[in-house]
Amino acid sequence: MSDSLKLTLGPLLFNWPADQVAEFYGRIAELAPVDTVCLGEVVCQKREPLLGGTLAEAAGQLADAGKEVVWSGYGLIADEKDMAATKGLAESSEGLVEANDITALPFLQGRPHAIGPLVNVYNEDTLRWLVARGATRICLAPELSRDAIARLTEAAGEAELEVQVFGRLPLALSARCYHARAHGLHKDGCQYVCDRDPDGMAVDTLDNEHFLAVNGIQTLSHSIVELSAEIDDLIGIGVTRFRLSPHHVDMVAIAHVWRDLLEGKRDLPRARRIIQTVAAFAPPSNGYFHARPGAVALNN
Amino acid sequence: MTGGALELVCPAGTPASLRAAVDAGADAIYLGFRDETNARNFPGLNFSRDELADGIKYAGSKGVKVLVAINTYPRAGNPGPWRAAVDDAARLGAWAVILADIGLLDYARQNHPDLRRHLSVQASAANAQAIKFYCDEFGVKRVVLPRVLTVDEIARINDAVEVETEVFAFGGMCVMAEGRCLLSSYATGESPNMNGVCSPAEHIHYEERDGQLVSRLGDFTINKFREGEPAGYPTLCKGRFRACSRDSYLFEEPVSLDVSNILPDLMKAGVTALKIEGRQRGKAYVAQVVSAFRRAVDAAARGEQPDTADLASITEGGQQSTGAYEKGWR
Amino acid sequence: MSQPGQRAPALSPVLLLGFALRPAPKPALQAAASLAMAALLRGHRSVFERLEGLANRDFLIDPVDLPFRFHLSAALPSPRLRILGEDEEPAAPVAATIKGSLPALIDLLEGRVDGDALFFSRALAVEGDMGAVVALRNAVDGADIALTEDLLRPLGPFGGPARGLLRAGGMLYRRAERDLETLRAALVAPVQRRCDSQEAKLRDLDETVANMPTRRRERQS
């Protein structure tokens, strides 16, 4: 059974220093039992030069370690420069490219590609349309419920459907940079303040409830989606890929927990305990899967 | 795509608003059916099939076009209501449908090839290539541009693509990429994409606490107001939050978009139509805004600088913004 | 407009109406309310149809300057408006309670306050399901109701005096705003005089209303 179930490490969404990124992927390559690793800057084009050749090197290491590398494209493609970069990514990449904005689709037409969670795939018609044009793997939007996911897997045919099972949820993108704004800066002169928050900047309510997290132009959930308890259900409805979204925690440990789960070692209390100990900076949530508000954590 | 006055596309949440907008000088009316197929699925709002038929008749008698917004994302396992909405809009003689979902665009193209298709802002097509994609694949004739572009960017898009563009002119502002925002469902379980609502009223609660009015959305505090401070609708992204040890309108101040003073620039940028936001607003508001914009658009078409004093008085608290149209917004 | 937080109600036409109506027996008021609802159902059925998506279509409307409250049951086929005494509770659970000065409530019902502006102003206090209140607002706005015209017309010969009362009240209200204290005493007397005859007429309405249900059925069939 575990042969058909794959573990994906999603793209790193945050602005970490290049040496930390190199070390992170070095460890993943060496130690993390994941099948696929998505590389690439998804959130902010301005960060890309900071990493230099770090990701290309990481790609080599990961490939050498037998892992599939997928290149993830920008979430918000705004101008001609972004478009040219996306075109370049599509043309130069040997492996699968993941589109995170509809704009990337024309570059990928007719060749196998992946669709990321930032592209709206809500129903069977849209799913089939994308698959007919070459999408082989689709990571679904976080707000879809179990029933919607089940319907989509039925319609997916040969395409693999992926669901994010760990990490903060990507909730919104804006032309505006909220990291810069919170620091009284303008997007064009942002001083890269997003590097101060390796898991996103806390956005609390006026009653000091934790609520959201800002990551540059992106808004994430404060809570960490944690679907270990839903694993039987996920597999039962035909999900074959499970995405872990990277955080500044021991992702190797998280990957091991999920590898065990996929291989049928279902000690759920232990899995949950490890995940919540490793990622202690925010509480877990699973509301979306259960057709509830995304922030909700249901015990099941 | 230049010359002539900007087309004025006006909101109608009810038949009364439709008549008010038509009488006030709208060129076109956009509206939705009374269900989750449109992005203003607010309680008590929108049109039955019979009301649409009557509305099209009334608008048609004054030479005004009717556009039907079917701009939420059809639910997996239940495409029926969305397809029926497209079918009925075609059958009842709507001038165009405003769509966002790829699957639904494809359905409309295949089943109603002669029905004019506009791309909803909910599709968030913010650059020339995305727009071209929707035109090539689905024969889209007009694109409603996201509220995140500058006038220069709009001009470049109009240079690059052979399609009509429609821009938001007045009313509420979305600060996130439209159709790609899950903030509402994170707090309430209901989102623009799936349910046609953002920060829905049934999840709002007000509390009086220590002399302050506290607005809550789901389980989260969105804002607090001192006595006498005007309280706005607690849309999530217009709330006050705490970040970097500072309380602020982190995402956006509660301002209202108003482009009336840059109408000549928008004409020069090749824009075809102006959209007034507010299907959830009352008929009195609609009548007031539409007639003010009618005068402003006509003045701009004559080459005059529009007088915008009327509009300033409509905006709550006089707080207006040209939003992202000017680059400093970002 | 009075703020819900304030203790003393503003002197408003409705306050005057309250003074005027206080001596009227509740059955007479109830009769007038039922008549008005019958007229609304006849002329603006769409108001109620627009509310059909709501699970609970009962509202408690509490004009803070009147000595009674309204319980609106907006569910078709037979919507009702019941007059409640100050200590009387609605017979069914309500979706929401809307509290405010009657001028503010009339603004809401006549569509002068819209769904967004409802929240900008603090003239109205809402408890319960905000969605239901927005729905009610939207439904009424969609129907082109003129409260005074549509609801007072069916009162026939009695509509005139009632309209006069509202108008007089409105005028007095504006004067009262200028000099509340001196006018307060002067106001009550003339309104009270008008009210005496009004009371008799409202009592007559009772009988008229007794025949209403039959007529309503005939019209619908």
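For clarity, chains are labelled A, B and C in written order, and residue numbers in each chain start from 1.
The rule we apply is simple: a contact is a pair of C-beta atoms (placed from the backbone, for glycine too) under 8 Å apart; a residue touches a chain by one contact, two chains touch by 3 or more.
The shown structure was predicted, so the numbers you read here are calculated from the model rather than taken from an experiment.
Just to note, of B-C and A-B, the chains joined by more C-beta pairs in contact are A-B. The most centrally placed chain, judged by C-alpha centroids, is B. The mean-CA centres of chain A and chain C are about 55 angstrom from one another, to the nearest whole unit. Separating the centre of chain B from that of chain C, both taken as means of CA atoms, is a distance of 34 Å. Distance from the chain A centre to the chain B centre is 30 Å, each centre being the mean of its Cα atoms.
Considering their complex, residues 73-77, 79, 100-104, 106-107, 123-130, 132-133, 148-149, 153, 156, 175-177, 179-183, 185-189, 191, 193-194, 214, 218-224, 237, 239-244, 246-248, 250-251, 324, 328-330 of chain B touch chain A. Within the complex, the chain B residues that touch chain C are 13-17, 34, 42-45, 48, 51, 200-206, 208, 213, 215, 225, 227, 230-234, 278, 280-285, 316. Here chain C touches chain B in the complex through residues 5, 46, 49-51, 53-54, 111-117, 119-122, 125-126, 129-139, 141-144, going by the rule given at the top. Listing the residues of chain A that touch chain B in their complex gives 76-80, 82-83, 101-103, 105-106, 118, 120, 122-130, 141-144, 147-149, 151-152, 155, 169, 171-178, 181-183, 186-188, 201-209, 211-212, 214, 219, 221, 287-288, 291-296.
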